[in-house]
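Paired with subunit B in one complex and with subunit C in the other, subunit A is shared by the two complexes that follow.
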Partner chain A sequence: MIELTGVKKSFGKQEVLKDVSIKVDDGEVVVILGPSGSGKTTLLRSINFLEKADSGTMKFSDKIINFKNPKKKDILYMRRHTGFVFQNYGLFAHKTVLQNVMEGLVQVQKKSKQEAQQIAEEVLQNVGMLEKKDSYPSQLSGGQQQRVGIARAVALKPEVILFDEPTSALDPELVGETLEVIKKVAKTGITMIVVTHEMSFAEDVADRVIFMDGGVVVEEGKPGEIFYKPKEERTRQFLSRIIPQDAYVI
Partner chain B sequence: MSFSVSSFWESLVSALAYAPVTIKLTAITFVVSLVLGTIIATIRYYKVPVLSQIFAVFVTAYLGLPTMVALLLYNIIFMTCYADVANVLHITVPISEVDPIIIGYFALILGTSCSVSESVRGAFRGIDKVQFEAGYSIGLGKFKTLTRVIYPQMVPILLPGLQNSLIGLLKASNLVSAISVIEIMTGALLPSLLYYSYLEGYVAAALVYWLIGIGIEVIGYLAEKNSGKYLKQVATG
Partner chain C sequence: MGNYFSLERFIHVFPKVISSLPVNLHIVFWSMLLGTILAVFVAVLRLQRVPVISGLLGLYISFMRGTPLLVQMMIAFYGIPIVLGTVFLNLFGINLNRLEPVIFVEIAIILNEGAFLGEIFRGAITSVPAVQSEAGYSIGMTGAQTFVRIVLPQAFKVAIPHYGVDLIGVFQNTSLVFMLGVVDLLGRAKTIGAASGHTIEGYVAAALIYIAFSLLLKGAFLLIEKKLSGGEIKLV
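What follows is the complex of A and B.
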């Protein structure tokens, strides 16, 4: 279980997170929705300290971490128990697909090269990228890179995987293959927090949807409730712009 | 003006005999400066309190100091202070026994470290922030992210500039002749002192420097060819 309480963060004078609290249970898939600038990505990034929140606390496993002055040991602990999938893939440019997935297994988890390779190949097989294991990221399409990014996170067997708009940088044609892989990961029962704009994905996969705007959680609930019976006017407004009301042909 | 082939040959042989002095001075200075320059650049990149400010001022100031001035300055400080310092440290070696090349090392390493640190700082700016974050996200610490992810990616960015620095250093190493170290040029002139064959001596020295320079460029070319294969190909058209 991961529980954030009273998280605040400002960039200069701009307050991006104004007292945000969320709780995610083990095995739950939570989708965070919201317009740009709502603070959803910042919230996600503060969980593994890619962004340093100003205040608030985080409860994870049996640890309670204070955002104001986290210990180095706790930061490393969070990073070693969570996986992160980046919007722009974030693959190590100088390493092959296989080396990308093996890096954490060998350097962080201290597995033997042999064992690491075995795990890496298995995970790459699952995301359909085993054939490209000797390619460099620059030789792959965006969708392929993102599948490797997911494999790299999954291979380390984290307790939680954080997805930061995993399909936003992709060509529309490549979104589907990436979402399929994420759905497959979700089915393994791992805890996931996904920041995305993909509504149908959220509806299919999410156990719960959190809608954020202006640095606060506006509303949360089951996807059906949020999408079809939103309680807040702001949610309704946002959804009306994202979910096409009338399909039309040009 | 006449050109004596036999004098030229004699100077060339003498210059080649001292080539190892220049090559060793250049190579050791380069390797040490690469390490120091990378450390300085990393400290400045991470804005380590106090140290980064000190290095920022030092590098900026030091880059304006000509190598020859630095060399002669350290030499004179060494000459005047050696006796006292040796006394305090209980060193019994007389100053005449100390190889002046250590002053050459000192001056060249300081200058080259500063210029290399600026190249490395430039290379830091060429690395996407997400590469650091990706390292952290899989649980690597700061140090391992640097050594496993960032520094390796800097190599192809740095190579052309480093090759330039190395050739510059080769040429600057010639200045140690001013503090009575015998290297390629002074070596080439040894026969000239006997026969007044200075033209032949200088041409011989130039030829040896030129050959070493070509050697460096060949190594640089091979290194560039073999690094950064993962990078996208250069756009055509």
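What follows is the complex of A and C.
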């Protein structure tokens, strides 16, 4: 379980997170929606300390971490028990696909090269990227790179995987294959927090949807409730712009 | 040309001039080795942005880049014995005035390279996209692991061509040392000219040696670049 309480973050005078609290249960898939600037990505990044939140606390397993002055040990603990999938893939440019997936297994989890390679190949097989294991990131399409990015996160067997708009840098054609892989990961029962604009994906996969705007959580609930019976006017406005009205007609 | 340039004299002086090449290479080797080490510290310290140190390093870099190398060599040659002379004599029993001039030349080039290479390294490190470090952190690597395993190898690739250009520059700048009485390629050419009354052959020999060796260095670095890029070079 991961529970954030009273998270605040400002960039200069701009207050990006104004007292945000969310809770995600084990095995739950939570999708965070919201317009740009709503703070959803910042929230996700603060969980992994890629962004340093100003205040608030995080409860994870039996640990309680204060965002104001987190211990180095706790930051490392969080990073070693969560995976992160980046919007722009973030594959190590100087390493092959296989080396990208093996890096954490060998360097962080101290597995033998042999064991790491076995795990990496298995995970790459699952995302359909085994044939490309000796390619460099620059030789792959965006969708292929993102599948490797997902494999790199999954291989480490984290308790939670954080997805930061995993498909928004992709060509429309490549979104589908990437979402399929994420769905497959979701079915393994791992806890996931996904920031995305893909509504149909959210509807299919999410156990719960959180709608954020202006640095606060506006509304949360089951995808069906949020999408078809939103309680808040702001949620309705946002959805009406994202989901074309004709979509329901067809 | 007639009397001014004689091929015979040229063939005669060439071996004499090239026999001084080791002096230049010695300077290049030690200046680059120690200058590179100094530059790594300069680059890393500059990136850490420690308040006072950062300002001092900025000043140091401005000085090194804002004054001619020859002036820096003069200051090292005449200034170091004045400032540190008594200290060295009392503490280590070394009389700085008796040291080979080449040592002061090397100190000047090392300090100069610390600044120039330091900025090259700093630029190379900052050219690696932030997401590369973030990806390293996200899989649980420590800051040091991420820097050494993810950032440095990519920065290295960016820095290599600039390093090659800089190295050739240092090699050519060694020609300044004869101003301080160090008999290098150019110094030898000049003394031969003064003794024989025929100056041009010696200088042409020196020029040819400079060109040949510079091209050699350039070729070597192209080879390294090619080897490093093997298959992939494009950074995301």
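The criterion applied here is as follows: the second predicted complex is superposed on the first by the 246 of 250 C-alpha atoms of A that agree within 3 Å, B and C clash if a C-alpha of one lies under 4 Å from a C-alpha of the other, contacts with A are read in each partner's own complex, and residues count from 1 in each chain.
Operating definition for what follows: a residue touches a chain if its C-beta (ideal position, glycine included) is under 8 Å from a C-beta of that chain, and two chains touch if they have at least 3 such contacts.
None of the values given here were measured: they were computed from a predicted structure.
J.: State whether subunit B and subunit C clash or fit side by side on subunit A once the two structures are superposed.
T.: clash
J.: Thinking of the overlay built on chain A, is A:Phe92 touched by subunit B (first), by subunit C (second), by both, or by neither?
T.: So A:Phe92 meets both subunit B and subunit C here.
J.: Between subunit B (first) and subunit C (second), which, if any, makes contact with A:Leu156: first, second, both or neither?
T.: Both partners.
J.: Examine A:Tyr136 and indicate which partner it touches, taking first as subunit B and second as subunit C; both and neither are also allowed.
T.: Both: A:Tyr136 reaches subunit B and subunit C.
J.: Looking at A:Glu103, would you say it contacts subunit B, subunit C, both, or neither? Reply first, second, both or neither.
T.: Touch status of A:Glu103: both partners.
J.: Common interface residues of subunit A with subunit B and subunit C?
T.: Looking at subunit A, the two contact sets intersect at 48-50, 76, 79-80, 83-84, 86, 88-94, 103-104, 107-109, 136-138, 152-153, 156.
J.: Quick one: which bits of subunit B touch subunit A in the complex? Just the residue numbers, please.
T.: 128, 130-131, 133-141, 144, 148-149, 152-153, 229-232
J.: Per the contact definition, I'd like the list of subunit A residues that touch subunit B in the complex.
T.: Against subunit B, subunit A makes touches at 48-50, 76, 79-80, 83-84, 86, 88-95, 103-104, 107-109, 136-138, 152-153, 156.
J.: Across the complex, what residues on subunit A touch subunit C?
T.: Per the touch definition, subunit A meets subunit C at residues 48-50, 76, 79-80, 82-84, 86, 88-94, 103-104, 107-109, 136-139, 152-153, 156.
J.: For the complex, give me every residue of subunit C touching subunit A.
T.: 131-132, 134-142, 145, 149-150, 153-154, 157, 231-236
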